[in-house]
Amino acid sequence: MLFKVDMTVNIPRDIPFAEIEDIKKREKDYSQQLQREGKWRHIWRVAGLYANVSIFDVKDAEELHELLMALPLYPFMDINVEALCRHPSSIRDDDR
Amino acid sequence: MLFKVDMTVNIPRDIPFAEIEDIKKREKDYSQQLQREGKWRHIWRVAGLYANVSIFDVKDAEELHELLMALPLYPFMDINVEALCRHPSSIRDDDR
Amino acid sequence: MLFKVDMTVNIPRDIPFAEIEDIKKREKDYSQQLQREGKWRHIWRVAGLYANVSIFDVKDAEELHELLMALPLYPFMDINVEALCRHPSSIRDDDR
Amino acid sequence: MLFKVDMTVNIPRDIPFAEIEDIKKREKDYSQQLQREGKWRHIWRVAGLYANVSIFDVKDAEELHELLMALPLYPFMDINVEALCRHPSSIRDDDR
Amino acid sequence: MLFKVDMTVNIPRDIPFAEIEDIKKREKDYSQQLQREGKWRHIWRVAGLYANVSIFDVKDAEELHELLMALPLYPFMDINVEALCRHPSSIRDDDR
Amino acid sequence: MLFKVDMTVNIPRDIPFAEIEDIKKREKDYSQQLQREGKWRHIWRVAGLYANVSIFDVKDAEELHELLMALPLYPFMDINVEALCRHPSSIRDDDR
Amino acid sequence: MLFKVDMTVNIPRDIPFAEIEDIKKREKDYSQQLQREGKWRHIWRVAGLYANVSIFDVKDAEELHELLMALPLYPFMDINVEALCRHPSSIRDDDR
Amino acid sequence: MLFKVDMTVNIPRDIPFAEIEDIKKREKDYSQQLQREGKWRHIWRVAGLYANVSIFDVKDAEELHELLMALPLYPFMDINVEALCRHPSSIRDDDR
Amino acid sequence: MLFKVDMTVNIPRDIPFAEIEDIKKREKDYSQQLQREGKWRHIWRVAGLYANVSIFDVKDAEELHELLMALPLYPFMDINVEALCRHPSSIRDDDR
Amino acid sequence: MLFKVDMTVNIPRDIPFAEIEDIKKREKDYSQQLQREGKWRHIWRVAGLYANVSIFDVKDAEELHELLMALPLYPFMDINVEALCRHPSSIRDDDR
């Protein structure tokens, strides 16, 4: 199942720089691992913002929830989730 | 350049059924032509709504504007546009 | 998969009374058929409003979309969809 | 009487980890006790969010207020309440 | 049980004057009957608006729903409902 | 003159417990004194929230402002004010 | 008592031109009469909009309501009302 | 040129009382000086709120900006600005 | 004085095509005349929308109001106005 | 490509004065450098607010993102981005 997830990041100013760097590194590693597994299908930066638009391809809402909760940056994110379907006008049977 | 475009469709009730069918058919043909040309990269239906989330890959804002204005359903759409960039965590140099 | 769906109904004033009665009857029949099939798990009226809160139990977003699109009252509804998961505090393994 | 309650949790970052764990444990115990008593009829996690959708079955608004105020996580919750009625299309006389 | 109900009225311009007068008269009669029965405890006009703030005292949400649905002006109203409780600072045990 | 006042309370977490208890006690005393003087006509708790709906009966906006500013909890309140009039459908000449 | 009233005008397109001219003329006459009586203290146009910001000086909310309801353009206005007090920093005891 | 300015004040709780008193005194002195110069034409308190509605009469937007930026309370204010014009229905050629 | 004006156009569907073409032609002529006079300094299309962002350079709010009210498309526009000043970081004394 | 960027600045109160002065100086230098390079085409102050309206002329969304992320005040800004096109009514082929 496909979900669009909008993530906007706000890191509090009182977190030490080294800790932020560590969180961001783990976030990147985790994101790339999920991308390689085909679960995090797309991730795009929104121009000018510390925010992204992502497409997840997961078994169900349960799996999506677990993947998002494990994001190292999750505590600092505003999240918006929309369930997606194949569009009848799509030329790809499997547009992921 | 990549743009995310959210489209929500509201067709007025006083348009004759045959005319709506014709508009929808032309919309589908036009959408599929742009998909084949690689300009309309993705189109997903939002579950439960007459709405889609789309990714366009165009030369610039000018081309995006022309493509959207030519949508047969454009007069009945609410449109939201966001400019996208490659995300530094993406594993694909060219995630389109 | 479970989805919460909020539906608010606004029937235009220019639809003949007999037609509205027919639509409402078909809506009720359809809703009760889906309830008997276990796909429309719950439906509650919001006090004071022509609106309901519903829980659907479907295979995926695709099936939810098809069920909602077939609602006789769909053209007159505002719809809001949220994907649900089992809650870790629930005492029912299968709270539907 | 039935009420739908939406709860969104935001725990401040300066609460010690052990204290949060304790609050969450008491929240879970309390929620499960109310579920066993039949007062907290349903609780579902909203996918991707630290939030739930719940259905309460209580004597009146007074009892709902007391139950919610006693939630260990209440000080960190945004709460939205809607009074519900039986829906005329429901196939269950007592859909709780 | 007490409920606060905000009602804002928007009567479409194409309803004949005589019909509006008739609806308003029936609305007033109905409102006053419910006031005499003690179910519509208070009704105040919001200054400058075609809107009121009302307090209902009913058995439950079911009864509130039926009373509101029977308002002759209901089809032209925006309605907002909030369930109320006795306030611990109130000097009246039965502030209705 | 009648005013509806909605008050929502948010007490910051860093105020010592004893100080909060003292503020709440003074709030209650002050509220009950105004109720006895007939200036604070009604106060209801909104179910599930730390919020109330109140009706004030004062000489003018000036007096309302002074009464509200003197609330011990005022610094922690979100306030919304609406001026009310007698409603033409009210059966009470003096519905306060 | 002073009230600030924001009025935004939206005249439907299907009202004949002569009728609109007549309504506007009566609106202007009525407004100027109230200004001469000292009840409509100020009226300013909001730059670029068919909207005004006005200050009324009336006996109470009841009188304000009656004055506004009698505006010939009232059926086509969005209205926002705020009760005002003398400001402690004002150098005029009677700033109207 | 006339501008309507809405100011809402939120003073953080951690500023020492003596400092707040000093800021408020300087704010009042400054406001009254501008009133005497005819630049701050009106200032009204919004009933029940720590907020005012003000009318400024300045040479241009540049002067308005400088006057507002110099408000001692400016760092704690939410500000909304609207440019005003003479209203064609005003009976005063110079309604300031 | 500079003003930023956002204009969003919604032309009703029941206006005959020839009339729309005429309005649009007059709008374009009028806009270009004001541009040549230096009063309409900039006009940009918002990508994907029937909307523009414009910068006006006028004597005062009065002149802005008259220019906007004379737009042939004005009856079909949503308008938002913000007064602008020279920015202290601008490298142009006269950035228009 | 042209982008309109709205920036609103909120500097936290706990940053030392000298540090703020340094950040603002670097912001100004950086802004003026980009203006001289022709990438930051316009910057106007919004009257009464610590906010600006800016026009950027960049190669693509990627370059815009990098330029904005490097703003010394970026961590304290709310940012809104809109992609712009040449407007068909513009009298300048190259209105930047």
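Worth a mention:
So that you can tell them apart, the chains are marked A, B, C, D, E, F, G, H, I and J in the order they are listed, and the count of residues begins at 1 in each.
By definition in this document, a contact is a pair of C-beta atoms (placed from the backbone, for glycine too) under 8 Å apart; a residue touches a chain by one contact, two chains touch by 3 or more.
Bear in mind the structure is a predicted one, so any value in this text is a computation, not a measurement.
Chains touching both chain G and chain I: H.
Path length between chain B and chain F in the touching-chain graph (shortest route): 3. The centroid of the Cα atoms in chain B and the matching centroid in chain G are 45 Å apart.
One simple way to say how far apart two chains are is to compare their mean CA positions; for chain B and chain D this gives 40 Å. Inter-chain spacing, taken between the CA centroids of chain B and chain H, is 46 Å.
In chain B, the residues touching two or more other chains are 2-3, 45, 47-48, 61-62, 64-65, 81-86. According to the touch criterion at the top of this document, the contacting chain pairs are A-B, A-C, A-D, A-J, B-C, B-I, B-J, C-D, C-E, D-E, D-F, E-F, E-G, F-G, F-H, G-H, G-I, H-I, H-J, I-J.
The touching residues of chain C, when paired with chain B in their complex, are 3, 5, 12, 61-62, 64-65, 68, 75, 79, 81.
Considering their complex, residues 2, 4, 27-28, 31-32, 35-36, 42-48, 52-53, 55, 82-92, 95 of chain D touch chain C.
In the complex of the two chains, the chain D residues touching chain A come out as 13, 45, 47-49.
Here chain G touches chain F in the complex through residues 1-3, 60-62, 64-65, 81-86, going by the rule given at the top.
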